[in-house]
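Scrolling down, you'll hit the structures one after another.
Next come two complexes built around subunit A: one with subunit B, the other with subunit C.
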Partner chain A sequence: MSALSSAPAARDRKIAVAGDLQAVFWLGALPMLAACFLPWVLLRPNRIAQGEYLHLPASYLALGLVLALAVPVSARVWPRLTGVLASVALALGFWWLGTRTGAALQGQSDLARASASSGVWLWLLGAGIAVYGAGVLAARLGAVQKWLPWLWLPLLLATVLSGQLSHWSVIRELGVQQSRFVQELAQHLRLVLSALGLAVVIGAPLAVWASRRERVAGTVLGLANGIQTVPSLALLGLLIAPLAALSSAFPALRAMGISGIGTAPALTAMTLYALLPILRNGVVALRGVSPGVLDAARGMGMTDNQRFWRVQLPLALPVWLSGLRQAAAVLVGVASVAQLIGAGGLGYFIFSGMQSGAGDLILLGAVPAALLAIVLSTLLRGLESVLARRLGRA
Partner chain B sequence: MIELQHLEKRYTNPQTGAEFYAVKDLSLSFPSGEITALLGPSGCGKTTTLRMINRLIEPTGGHILIDGQDTRRERPEQLRRRIGYVIQQIGLFPHLTVAQNVATVPDLLGQPKAQTQQRVLELLELVGLEPGRFAQRRPAELSGGQQQRVGVARALAADPPVLLMDEPFGALDPLARDMVQDAFLEIQRRLKKTIVMVTHDIDEALRMADRIALMNAGALAQFGTPDDLVRRPASDFVRQFLGEDARLRQLAGLKAADLMQPGDATGLPQIDGRLNARSALSIMLRERAGAVAVLGEDGQVKGVLSWQALEQAG
Partner chain C sequence: MTTLVARSRRSLGRVLPALLWPALLLAGVVPGLLPRLLAPLAGGEVPDTGSTPLWQLALVHLGFVLSAEAAVVLLGVPLAVAVTRPGREALMRLAEALTGLGQTVPTLAILALAVPTLGLGVKPTMLGLVLYALVPVVSNGVAGLLAVDPALKDAAEGMGMTGRQRLWRVELPLSLPVLLAGLRISTVYNVGTATIGAALGAGGLGLLIINGLSQQNTALVMVGAILSALLALSLDAVLGLFTPPE
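Right after this comes the complex of A and B.
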């Protein structure tokens, strides 16, 4: 009986130790160990004043050290537990951020701010690496508990929903500027989705046309590549003059809200940026469809239209969509800069934070922007794999 | 019957204005219900000829008649839906199931779904793929031989009288090729389609074709039965192309059991009836025998294969 039950455990251990994963877990453990000795909270009497650094109390420190070491050790002796430990470590980083900022703010005025300091960031980095490693490990084990490395997600959600983080300076800023945040987030999304839509409407027919003509493809791709090399700031600046001229020459355009600054130049620039990945992937995808398949389609009596809609497009779609995903990621970034010409978006927080030296405000803009990019990218990747499976490519 | 009358395909180099004939003044009739192989070295115009029949390439001169009707009197798409088409890369649609692939042409023709569905099952059965197991699979889940069977089923879906095949078995490994070729000949024995098959593989042409049109440099070198070409080559080119061992190649396509005759088998070396005639000949040479006894699958002597029988075979 004991021989039977120990056999799979031994196999697990072999898989875990055999790989390169040990190095990954130690790579995660080192920053976590260091984080225990670094300051966790920067307490300032107000948003921009000098502050003092606060370390973890001894009991936290001891628990942190144990947990940091437990992850790589468990990977060696009990790999199935690693996902749980790594998840707990990650969620605990946030939880402690909440409790330590809360403790720091006791007895302080409303203006006081408790920010995350180097210890928090290093801990989260280390725990993040550990969670990644645990995910790979679970996949290798083929364990039933494959979802265990995702345990951090509900734990983190619980931490956030319990209001535990409400003392953290970034959340404080969010509380102060809540309506502004919602407004800028919506504007950010609006910019990204409109530019993406425009780029598809312009880029898709262009890609189809270019995929059929060698010389057109060269010109179009060269042009789109050229646009991509112009820095986003410069492109935004370059568009101010022509759009301003257009708007003063045609009052109708001005009435539509088109001018040298604001949404119009931002959307124009973003559309141009999104064009390249959509064009390039479109041309590559459409051309990548096997000539044998297209010849068969023609030989069976499909008209050119039938051949395009029934065969070429469905086969090209997964690769084409990955271009759309790249475009979405690029656009979330470019939209952050659009604030500079008055188009709004999450860049508002980033730039006002930079101007006033308030790191919390920068985070309030940057972190949601990064999350937005990840969410959009994940959604599109999901769509891609669903399509790929339905189209028989998986 | 498919008739090619003075068929010509001329290409003009846009820079130099030089003219090049891929096919020149080709007149030829493909008899109904037979397999005709278009054979020849690469660049001889055989594929161009095939693709002109369903107008994937438009001729620059001459006419093509199918059952007396000029192919140019119809829209190319309509024409192609009446002509089955099988190509070397198989060209199955990877995003569709086997059943959907086979249903392509009936769908294009707007035939009723229920009828098509029934037809698909019959066809899969016909090409030796169990419908229950294969109908809902994707092409990528099939072996090369199975894919080519689906390709044949798809070409036959709308029951076209004519089938064009461009190196249909070229991409298969030898074992799978033999099996699919056998299966295909069996189907043809039942269906009696008019088949034009492009190949550069002499063995395949000798084995499969009722007639061979051997082409060279855009023109017909010889048209006749495999036996005609092997025994009565019209020119040095034909002889050289088929090779000095053409007779042996021809024998390799025949089974010993099909050539045996009744006779006295006592004292003769014994061979398995499933061996091909060339192997039988090789055994006769090795054993210095004028004949061999042919055994059936049960191990009993079924007949005698003699030197004379081999000589007349074909």
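Right after this comes the complex of A and C.
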């Protein structure tokens, strides 16, 4: 009897689960379908001129429509295939960007630029959603299929490494400014990592100290929240005056390169900004460790030092690390504005692109900055989950 | 007695900033006052804040933030409600993943990415503001709606409430504090995002900072920085009156 009544319930649940994923796949299919009818390439005689929009040829359009519909249909009919289809759709978006820009530039002068248009972005958005849905689906299906939705990564790498994208305007722009790009990317990373390092060196002991004092902890949290309300651009601006005053008062500091404009104020503002999540999460994490656990450690005869290093810190670390992750994401953002006070970084391309009205130059700064933020936060999130898992097992 | 004192002190701690910061902001936009105070930074020369009066720049700035916030309430709350209905876990996780992505990607990158399609000026700035403000509102809205005790929803159902009534009379009122906290965060962040929008030619208080930086005029930068910081602190304090303490 119980078996009879539970069977339909289980089936209902399965259908419901399939239903909510089905909605995700259709949500991904809609932008992909729209993308087939939108222009994929904007061809301009030079990088700032007006251009003409080029659509997909009929054969591409047909294949695109079929693929866009195949993802949600396969999820219903043959779920194992969905991950592969979604991955292919995502990689194909990049591949087609390469072939279409290449075709558009045929017979054009060297100055001509072929950039990605709305169709490409919508297709990638839709395919990205499909890949995400396939990941959820594969996790429900089990072990082997789990990796299939990641198929897009090697496909994309192959597309990039084969030089397929070399006609795309952003890659062209990169070819022109290669040494500058490496330099600014390095400066961006240098700014982010030094500010993060400084913030940890200053913030970690401060958080430990504050977490043991009720009133200090409250003040620190209040102050941290207060500074965070100040816009980053304003903070960069506010620091110019005191640093300029310092450098004019002490010539030794000026000799060290500290002045109102440049790396010093950028680094100071970024360190202050990164300090906040690190302090706040540190205090919250350390105070969040249950007093019972600490009592037990004391009962085992641990000294204060041992208790801190072996019990309190390991337990607090995952939450603390999530503060570090927030700090890293914020820093990548602030570093891209740092160009405004002469500190360089990827913002150089964004601002010079805006000044000259060259969209490709803007993308050359904005896309790597966005990717950098995503990669950094993914890495730190991975570290968090590894730590949490290890601590959970121990 | 002690709790009464504690409570009144706490509410004083909330009301005082809500009076202090806006008062300072109002004083700051009095024509000529702040530039004259900061003149020593520019070697005694009163910085030229341009033809637009400061109060007008502050109002434009506030207008950007508030209109983006209105759009966000209209978009974000229905979105949070839609994805938290039963049987939509995958959609909810998708919404959370997308909003998480929005939080990670730098502000300037989003604003700049919109420029090739939307051109310079107000349009890309508004898009950036709305996208950025959506993140805390949707994630807090989802968190708030999920945190409503299922027993309460059951009880409401048992009283014969329809799904819609449950939403309006039980779930939304109970999740309101968390939702408002998200709205507060997004409003304050957007004051900062809007200053960056000035780099795209949208105007507002960021204009003073950008102009000051390009003219290497520290005093002018300070006028913009102080005013936008005061605007952020004012909005934070005023909205703090409507959200419960953490």
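Here, the second predicted complex is superposed on the first by the 372 of 394 C-alpha atoms of A that agree within 3 Å, B and C clash if a C-alpha of one lies under 4 Å from a C-alpha of the other, contacts with A are read in each partner's own complex, and residues count from 1 in each chain.
Criterion: contacts are C-beta pairs under 8 Å (C-beta built on N, C-alpha and C of every residue); 3 or more make two chains touch, one makes a residue touch a chain.
Remember, predicted model here, so these are calculated numbers, not experimental data.
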Discussion item. Let me test your reading of the model: by the given contact rule, A:M300 touches which partner, first (subunit B), second (subunit C), both or neither?
Written reply: first
Worksheet, complete the sentence: The answer to whether subunit B or subunit C touches more of subunit A is C
Discussion item. Is A:I362 touching anything from subunit B or subunit C once the two structures are fitted on A? First, second, both or neither.
Written reply: second
Worksheet item: Which partner does A:G344 contact after superposing on A: first (subunit B), second (subunit C), both, neither?
Response: neither
Worksheet item: Between subunit B (first) and subunit C (second), which, if any, makes contact with A:L235: first, second, both or neither?
Response: second
Practice prompt. Give one of first, second, both or neither to describe whether A:P277 is in contact with subunit B, with subunit C, with both, or with none.
Written response: neither
Worksheet item: Between subunit B (first) and subunit C (second), which does A:P314 come into contact with in this model arrangement: first, second, both, or neither?
Response: first
Worksheet item: For A:G119, is the partner it touches subunit B (first), subunit C (second), both, or none of the two (neither)?
Response: neither
Worksheet item: Where on subunit B does subunit A make contact in their complex?
Response: 54, 56, 77-81, 85, 87-97, 104-105, 108, 138-140, 154, 164
Item to complete: Provide the residue numbers of subunit A that touch subunit B in the complex, in ascending order.
Response: 290-293, 295-303, 306, 311, 314-315, 390-393
Discussion item. For a test of understanding, state which residues of subunit A touch subunit C in their complex under the given definition.
Written reply: 16-17, 19-21, 23-24, 27, 115, 118, 129, 132-133, 136, 226, 229-235, 237-238, 240-241, 244, 260-261, 329, 332-333, 336-337, 340-341, 347, 350-351, 353-354, 359-360, 362-363, 365-367, 369-370, 373-374, 377
Worksheet entry | subunit C residues touching subunit A - in the complex, by the definition given at the top | 41, 87-91, 93-94, 97, 101, 103-110, 112-113, 115-117, 120, 188, 191-193, 195-196, 199-200, 206, 209-210, 212-213, 216, 218, 221-222, 224-226, 228-229, 232-233, 236
